[in-house]
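Two complexes follow with subunit A in common, the first pairing it with subunit B and the second with subunit C.
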Partner chain A sequence: MLVIGEKINATRSSIKEIIQNRDAAALLQLAEKQAAAGAGYIDVNVGTGVGTLEDEMDSMQWAVRTIQDSLDTPLCIDSADPKVLETGLKARDGRPSMINSTKAEQKGLDEVVPLAQKYEALLVGLTMDESGIPKTADDRLRAADKIVAACEAHRVPLKNVYFDTLVMPISTDVKQGLVTLETLTQIKRKYPEAKTVLGLSNISYGLPQRSRINAAFMQMAIYAGLDGAIIDPLDTELMAAITSGEVLVGKDRHCRKYMRAFRHRT
Partner chain B sequence: MDKQELLEKIAFNVVQGRVEAEDEGFDPGLEGQPAVTELVEQALEQGIDPKEIVLASLTESMEQVGEKFERNEYLIPDMLASAECVGAAMDILSPHLMKAGVESKGKFVIATVSGDLHDIGKNIVAIMLKGAGYNIIDLGTDVSPERIVQAVKEHQAPYVGLSALLTTTMRVMGEVVSKLKEEGLRDQVKVLVGGAPLSDQFAKEIGADAYCKDAFHAIDSLKSMAA
Partner chain C sequence: MLVIGEKINATRSSIKEIIQNRDAAALLQLAEKQAAAGAGYIDVNVGTGVGTLEDEMDSMQWAVRTIQDSLDTPLCIDSADPKVLETGLKARDGRPSMINSTKAEQKGLDEVVPLAQKYEALLVGLTMDESGIPKTADDRLRAADKIVAACEAHRVPLKNVYFDTLVMPISTDVKQGLVTLETLTQIKRKYPEAKTVLGLSNISYGLPQRSRINAAFMQMAIYAGLDGAIIDPLDTELMAAITSGEVLVGKDRHCRKYMRAFRHRT
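Moving on to the complex of A and B:
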């Protein structure tokens, strides 16, 4: 499982402050903590919601450079704006990167997908379009089809594409967990070389004991073939759910990872 | 890499349980480094005597694995990973050993007795004995005393190993010993028994030659029988 650490996201007020104050030590500490906890990529989202596009581009460049100067863990450049994405990718200077994200809408397909080719980056493709998040698995799959077509046109190999089949809270529609899982299964069937990813914690929004739901959903998604997760790697329960889920679907030869994680715990 | 380094590296990777380069080991961070199959091939290319590979790398390292298992440092998957390495190495080495005229330590008929379908323990013993140089004839699970005795006779095997995991099926082991007597084969074959519900006491009762707590004890027992 590719774990993408989600903590550096400026929509959270504590992160927003770090970005606005250019608090390099605090930013780096957040990145290092996530890497130490098992994140394979660190997500970097500096969209504070205030200031101009240029401000966000500056922030992205600062954040990327600050982290990569001290940490080798690859970064996931996260923005809704292609210009901010490209600023981040450029600042990486050829180091491995991931782009978060494009939707199946024209602007993204025309401007974000080519960035994945130009910077040889992994690409997160959200299975949604201009009209929002589709309610059914079939419609989400259609969004994925559009992204696949754009990737083929721009010579982005599908093995570099992580489809996010989107997680909606079950507190408002109890069937939403199934729609996400069904989409995931269908994408793995139709595009076996493509990868899948989920930002998983939204599933439990509005419910008590969220980590129970998150852990259960994680394991169902693993069974459906999940390849990546945008989560808080410091959430030990969720990380344990990954380890125990993957060993159960035979992705952990001789239970190595599971045993390494837990053999000394009682 | 000189010969000594190479032999040690093979042994190290057996203990780590890494067959192929992409395999994880017991310790973290070994992925991508050459593992057992690649190293054994390399050793053969360098002209190292296959027999020496077996002795210096495989036997030696499985003894370490046995000790770790004894101390509970290694658990079942760790041991299986190492046993898999020995199996993979032996698959490469066997034709060379035969060509070099190295004789097997003898035929070893192994089976889980009738009524019992457990095969994990039996399979571990089979792989380990193969690694230790025995010629394994594996009859599988749920094997009747008649078939076991027939196989011993047909292959003129000097050893037979019986496995049972159930208190209800362990009695069948006694039937095998009786049948061997009836057929006049009892003096020609050593009977080793193993399985969770067994004990030394039980092995004595049914007239077996050795009770083996695990695969490592089986190897030790065979050594002392040959001596």
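Moving on to the complex of A and C:
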């Protein structure tokens, strides 16, 4: 499972402060902690919601350089704006990157997908379009189809594409968990080289004891074939759920990783 | 999820003593505790491994009568011998029962399956035959096919049959979890009216922190469509896993059961 650490996201006020104050030590610590906890990629989202596009581009360049000067862990450049994405990718200077994200809407397909080719980056494709998140697996699959077509047109190999089949709170509609997983299953079947990813914790929004629901949904998603998760890697219960789940689907040969993690814990 | 409480099993020494001493109070307490914890059926296995077949028949009659005199919860009559099964079913005197179990071998198909018809009981069908537990899902499905044929011949409706797709320790072969779940999925697809059941905790045998693995496997099985579980209902973590998992597959309308269980817990 590719864990993408979600903590550096400027929509959270503590992160916004770090970005605005150019607090390099705090930023780097956040990245290092996530890497040490098992994140394979560190997501970097510097959109504070205030200031100009140029401010966000500056922030992205600063954040990327600050982290990569001290840490080898690959970065996931996260923005709604293609210019900010390209600023981050350029700053990476050939180091491995992931782009988060494009939807199946024209602007993303025309401007974000080519960046994945140009910078040989992994690409997160959201299975939604300009009209929002489809309610059914079939409609989400249609969004994936459009992204696949754009990737083929721009020579982005499907093995580099992580489809996010989009998690909605189960508290507002108990059928939505199955829609997310069914979309995931269908994508794996239709595009075997493509990968899948989920930003998982939204599933439990509005419920008590959220970590129970998050862990349960993680297990189901692992069984459905999930390849990546955008989560807080410092959430030890959720990370333990990944370790346990991967044993059960045969991805942990001889249970070695599980034994290493839990042999000495009570 | 139909929870079948597994605690009254005379292969455990403490239960063996209760059976041998005809300790009615202790037996009843075990049954009542499991019912209170959410068991829909209470499994009754009185095979102590010593004594004659007649002894086991006596014990079964005693155990069934002792429990049903005070408790309405249906019983799951559990024995390898058809005569013991029938003794238990007769003692039930028309009350709802489950038979645990038949394999796809001639003796079971000829002698156990007809009991399900005669006593209108639910029937656990193990997806194995005289040669043991098949290694592949296809071979386990073939065992299910034989049980289905016998049920049709003896007019046992498939909606009354719970196929146990058999759990093996993941520590001895990491592929076996997927074989169990794949068999379950195939049975649900081929025989939509039929039910499925697992004796789950064997999956974690030989590993540390077994409850993690048990809960994770429960989530995957719930997603695969599991209808029943032969477990210890006093295992609060596993019962919580069922409650969490059923929310995610849409079986808990408006999350009511989940809210009731966890609203006030920290």
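Assume the second predicted complex is superposed on the first by the 266 of 266 C-alpha atoms of A that agree within 3 Å, B and C clash if a C-alpha of one lies under 4 Å from a C-alpha of the other, contacts with A are read in each partner's own complex, and residues count from 1 in each chain.
The definition used in the following text is that a residue touches a chain if its C-beta (ideal position, glycine included) is under 8 Å from a C-beta of that chain, and two chains touch if they have at least 3 such contacts.
Computed from a predicted structure; not experimentally measured.
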- Message: A:259 in the overlay: touching subunit B, subunit C, both, or neither? Say first, second, both or neither.
- Response: both
- Task: Could you tell me if A:240 is touching subunit B, subunit C, both of them or neither one (first, second, both, neither)?
- Result: second
- Query: Counting only touches as set out at the top, which of subunit B and subunit C does A:175 meet: first, second, both, neither?
  - Reply: second
- Which of subunit B and subunit C A:248 touches, first, second, both or neither: second
- Query: More residues of subunit A are touched by which chain, subunit B or subunit C?
  - Reply: C
- Task: Classify the contacts of A:62 with the two partner chains as first (subunit B alone), second (subunit C alone), both, or neither.
- Result: neither
- Touching A:209, do we find subunit B (first), subunit C (second), both, or neither? second
- Please identify the positions on subunit A that touch both subunit B and subunit C, taking each partner from its own complex. 253-255, 259, 263
- Residues of subunit C defined as touching subunit A within the complex: 170-171, 174-175, 177-178, 181, 203, 207-209, 212-213, 215-217, 219-220, 222-224, 240-241, 244-245, 247-250, 252-255, 258-259, 262-263, 265
- Query: Touching subunit B in the complex: which residues of subunit A?
  - Reply: 253-257, 259-260, 263
- Message: So in the complex, the part of subunit B that touches subunit A is made up of which residues?
- Response: 17, 23-26, 28, 75, 77-78, 80-81, 84
